[in-house]
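The structures considered in this document are given below.
Paired with chain B in one complex and with chain C in the other, chain A is shared by the two complexes that follow.
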Partner chain A sequence: MTPDLVILCAAGMLVSVYLMVGQKALFTTIRLYAGQSLLLAAMAAMMAVADARPHLFVMAGMTAVLKGFAIPLFLMRVIDRIGIHREIEPFLNVPASLLACLGLTVVGYRVSTGFPEGDVGVTHHILGMGLSTMLIGLFLMVTRRKAITQILALLTVENAIFLVALGITSGMPLVVELGIFFDVILAVLVLGVLVRRIVARFESMDVSRLSKLKG
Partner chain B sequence: MEQALVIAAALLQGLGMLAVAPLLRGLIKKMKAALQTRQGPPLLQVYYDLAKLLRKEPVRSETASWVYVAGPRLYFAAGLAATTLVPVLVAAAPLETAGGVIGLVGILALGRFALATAALDTGSPFGGMGGSREMTIAALAEPALMLGLFTAALASGSLNLGAVVRHSLELGNSFHPSDVFALAGLFVVLIAETGRIPVDNPATHLELTMIHEAMVLEYAGPDLALVEWASAVKELLYITLLIDLFIPVGIASAIAPGPLAVAAGAWAAKVFVFAVVITLVESTNAKLRLFRVPELVAVALGLGFLALAIRFL
Partner chain C sequence: MTPLLLVLLVPLLTAALGALPAPRRVKEIVVLGGLSLTFVLCLAVAAQFLSGVMPTAFGEALRVDALSALVIVLSGFVGLLSAAYGVGYMRRNAARDVTAGMRREFDVLTPAYVFAMLLVAVSNNLGILWIAVELTTLTSVFMVAFHNRDTSLEAAWKFLMLGSLGLGFALLGTVLLFASAQGRLGEDLDALNWTRFVELGPQLHPFTLRLGVVFALIGYGTKAGLAPMHTWKPDAYREAPSPAGVLMAVGMLNGALYCLLRVHLISQAALGQGFSGGLLLTLGLLSVLIAVPFILIQWDVKRLLAYSSIEHIGIMAIGVGLGGQAAVYGALLHMTYHTFAKPIAFFSAGTLAQLHRSSDFKGIGAGTLTRAPLASMLLLLAAMFVTGSPPFSLFFSEMAILRAGFLGEHVVATAVFLAALVVLFCGFAYQVGRLVLGARSPEGVAPVEPERLDFGLGVTLAAAAIAVASTFYLPSSMVTLIRAAAHLVAGGP
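Presenting the complex of A and B:
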């Protein structure tokens, strides 16, 4: 039962990334990220119960509280303050992005084969979905213009790496995880401040304007 | 004897779906009203409306030909015929020897085609516009529907819906990650095909962006009643299809009073859950701009393709 539920959560994460690619409202994107993090937390909690590893409970709790609530709320406040609610035009339009993401998923799934338990194992599916999520996150980061979307893409990549770590090594040591968590929080805080500076300077979140600093 | 039984089952299932479908519409309307802290129309209002419309005299444009008259009738007949190809309470569709997934999609497409041509018939701009929009969205939603259905069919190795349900009941709670993607894709198709809010607004006749309502704007009386009724049946049919493919738990494998009662209860509960989800989606989303709708349906198409790809990888 547990492997099924774990795969269900991982698949839910990949679906949420696809929905992120498919629409442009910033608030919805943030909510999707929050939902994705909660799925990850649920997955960690289930693995903690199944494998009797209590330190995963700590990770699950921190993921739920920080990535599920604190970071999304912080980002929503940033958006509220600067009053920009939409990704106006990504570098690549939605259908083309979706096609590219389909290709990335096929690549991610194809390379994650060759495990002893074959195509039916949990490892195959989780690694496949983790890699696909990470590739799509990277893709989002290069094709979107808004600084906030890029932060969300970065956070998605981080979630995907956590997913892969859970699926293959059944969790890194607690110290390493804590270190990653503080890195993420710090990154979000710094980037949040940076976004507001960018908006104050250029009256826009469009990062492509950063290449024209002179004049 | 055998044939008589099949025909009786098909009739019973078709009429049952006809009887229940308006209740689903009423339920969604009521729950939507509750979320807006309105009292809303009574639960049975859809039945009253249908009864009123059926009693009225049909008013048709002078320029209308037989195509205009045949449209709603074909649409209704197609909806009714489609219900006999889908397992509802028993793990077998009444007329499953007549056709499977492809037959179902074809019959639904036939109904849509009849209504769209009928909308063009009077030559009014609204009808033509609505018909063209409906077909634009259908052209994208239909492949997404096919991909989702094929994903489910791959597991059982049969395009027959009864066989698909029997196979997944035999395996117990088997689960493949591709189901998640197929379900997400088919849910978007459900929203698009039944004209729910991010795609179309079922509650108004007064928007320039309306799709289905624009197509049937000129119908009145019994003609309109047939269209409304068939649309309600179609909505219930899509929900039943999703239940069959992804959460078949509780469907009776033999015709006996006990399992049938359990199956009826389970089916009603699952339809109710879908109604709640649809209500929440309708209440929390704004209607999309018409030109953004293809993007949404493209997401469904992508998810369907992904589901199929993951089955193979």
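Presenting the complex of A and C:
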């Protein structure tokens, strides 16, 4: 039972990142990120029960609280505060993007077969989906021009790395995980501050305007 | 309390004190005092290591071996030097656009940065290492954005995006390295200690390890500014205030190289020298080559220094990548000499930029020697250092790497490297020569302020004296340290 649920959650994460690629409204993208984080938390909790690893509960709880609620709320507040219009303008249109993401998924799955036990069962799926999610996150990062969407892409990549970590090792030592969470929070705060400064200066959060420095 | 813990606590406390409101003089004394104490403690830790007792703390989570000892001494030195120049920098800026709030921000950021740098160098744990590197990134973002210009924000944004992405890769690399042990490491804190990875060596799962090493090298390579992940560097260096520029160009560079070396050591223990060595050699060579055209067409003196920094991390990576005790010794010697030499370049260029309120060649205008003779002379001296001209120190370390390269198996790569070095020498000398000695343009750019021998220039002179002295006399304990570190990296016990 549990393995199927775990795979379902991982698949949900992959689907959420596909939806992000196809999505144009900024707020929906943030909600998708929140949902994705909650799925990750649920997965960690299930693995904690199944493998009797209590420290994964801590990770699940922190993921749910911080990435599921705190960070999305913070980002929404930043957007509200700076009052920009809420459409995403990608460099590449949606159908082409989705096609590219399909290719990236194949690559992710292919790479996952090289790992020990990477071509069978749960590990295969989690690794495949984790790597695919990461690649698509990277893709989102280079094709989006709004500052907030770039942050979301970065956070998605980070979620995907946790997914890979869960699939391959069932998590790292607790102290390290706590430190990483702390750093992610700090990074989001720094990014938020920077976005505010950029908007105050340029009256826009379109990062393609940041193009004076060359050579 | 052991010196190892104090060396981390003192800068942290200094940063906390830096946040308090106080008269400027008091703050200057606090920051300088704190970082001087830190440097002394760094020396104490290194001395403890040399006396034969390996300093450790929290089990083995913090551990100082030869490489760590070398890096913390250099970091402590750079931290102190940068804070001292920072005092001069802020005094010059006092009448300008720098507010009390910005000054306070600076007083917090510098010691905090030093703390993160030192934590990088003493952590035995790959997880803590990653966290410390992330801390250096977050601190330096504010340094890059410090002046709050359009271009500063652009540079800070690029830096944060690329830096975070690089660190994401490094994190994935760490996860994969951990996974390659297939549960043999357990789940305690010490499971991520690199000493335990090295012990496991060949038992690590090869595919997972390879992938992990590639990701970790790319990730930490981004922080080091190895090509092709170097693109944040010129922007960040141009926008950061010069004292912060030195922290990044020397402190972060050494720290990132240290991370690369740790990953290299793990990979070496399991897969032999060739795999990560080959990668480092390729990235290093690419960095040196990519610096060539950009130095030739450069339009800004601080960006010029950034490309020179890309060149130098490339040289160090090549030294490590070539493998063998001699080449690695050359690389670590290069790191040491570079640490002593680079601050002169940043400080003198920073002084010129401050006097002319621009760091672009156009804004400064050719022929600075007549307007700001002292800073110009120092910049010329710095150019001799960083281009590796004899009789200055970097010449010897570059020769050591080249010699090891030609005697080793990578003769072609070494030949290409040598050719690039020659062109880089000419390019850098041409640019600096044009700026300092060139004929004044007809309309003539008048200096905004005349040059005065103030605190900042005094620090630059002191840095120059130290760099010249280090050329001719390196303390024997330092040489022992470098030798021991080279022995460690080149695959000794």
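Keep this in mind: the second predicted complex is superposed on the first by the 202 of 215 C-alpha atoms of A that agree within 3 Å, B and C clash if a C-alpha of one lies under 4 Å from a C-alpha of the other, contacts with A are read in each partner's own complex, and residues count from 1 in each chain.
As a working rule, contacts are C-beta pairs under 8 Å (C-beta built on N, C-alpha and C of every residue); 3 or more make two chains touch, one makes a residue touch a chain.
Nothing here was measured: the structure is a model prediction, and the numbers come from that model.
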| item | value |
| --- | --- |
| Fit-or-clash call for chain B and chain C when the two complexes are aligned on chain A | fit |
| Partner chain(s) touched by A:Leu19 [first = chain B, second = chain C, both, neither] | first |
| Chain B, chain C and vertex chain A (Cα centres) - angle in steps of 10° | 160 |
| Touched partner set for A:Leu92, first chain B, second chain C, both or neither | neither |
| Chain B or chain C, by number of chain A residues touched | C |
| Contacts of A:Val157 with chain B and chain C, given as first, second, both or neither | second |
| First (chain B), second (chain C), both or neither touched by A:Ala100 | neither |
| Partner chain(s) touched by A:Leu8 [first = chain B, second = chain C, both, neither] | first |
| Which superposed partner A:Ala70 touches (first chain B, second chain C, both, neither) | neither |
| Overlay on chain A, chain C to chain B nearest C-alpha distance, Å | 19 |
| Residues of chain A contacting chain B in one complex and chain C in the other | none |
| Of chain B, residues touching chain A in the complex | 173, 175, 177, 180-181, 184, 294-296, 298-299, 302-303, 305-306, 309-310, 313 |
| Partner chain C, residues of chain A touching it in the complex | 53, 55, 111, 114-116, 134, 138, 141, 147, 150, 154, 157-158, 161, 164-165, 168-169, 171-176, 179-180, 182-183, 186-187, 190-191, 194, 197-198, 201-202, 207, 210-213, 215 |
| Residues of chain C touching chain A in the complex | 125, 127-128, 130-131, 134-135, 138, 141-142, 145, 148, 150-151, 153-158, 160-161, 164-165, 168, 171-172, 174-176, 178-179, 182-183, 187-189, 191-192, 205, 207-208, 211, 234-235, 238, 294, 297-299, 303 |
| Chain B-facing residues of chain A, complex | 1, 4, 7-8, 10-12, 14-15, 18-19, 22-23, 94-95, 98-99, 101-102, 105-106, 109-110, 113, 119, 125, 128-129 |
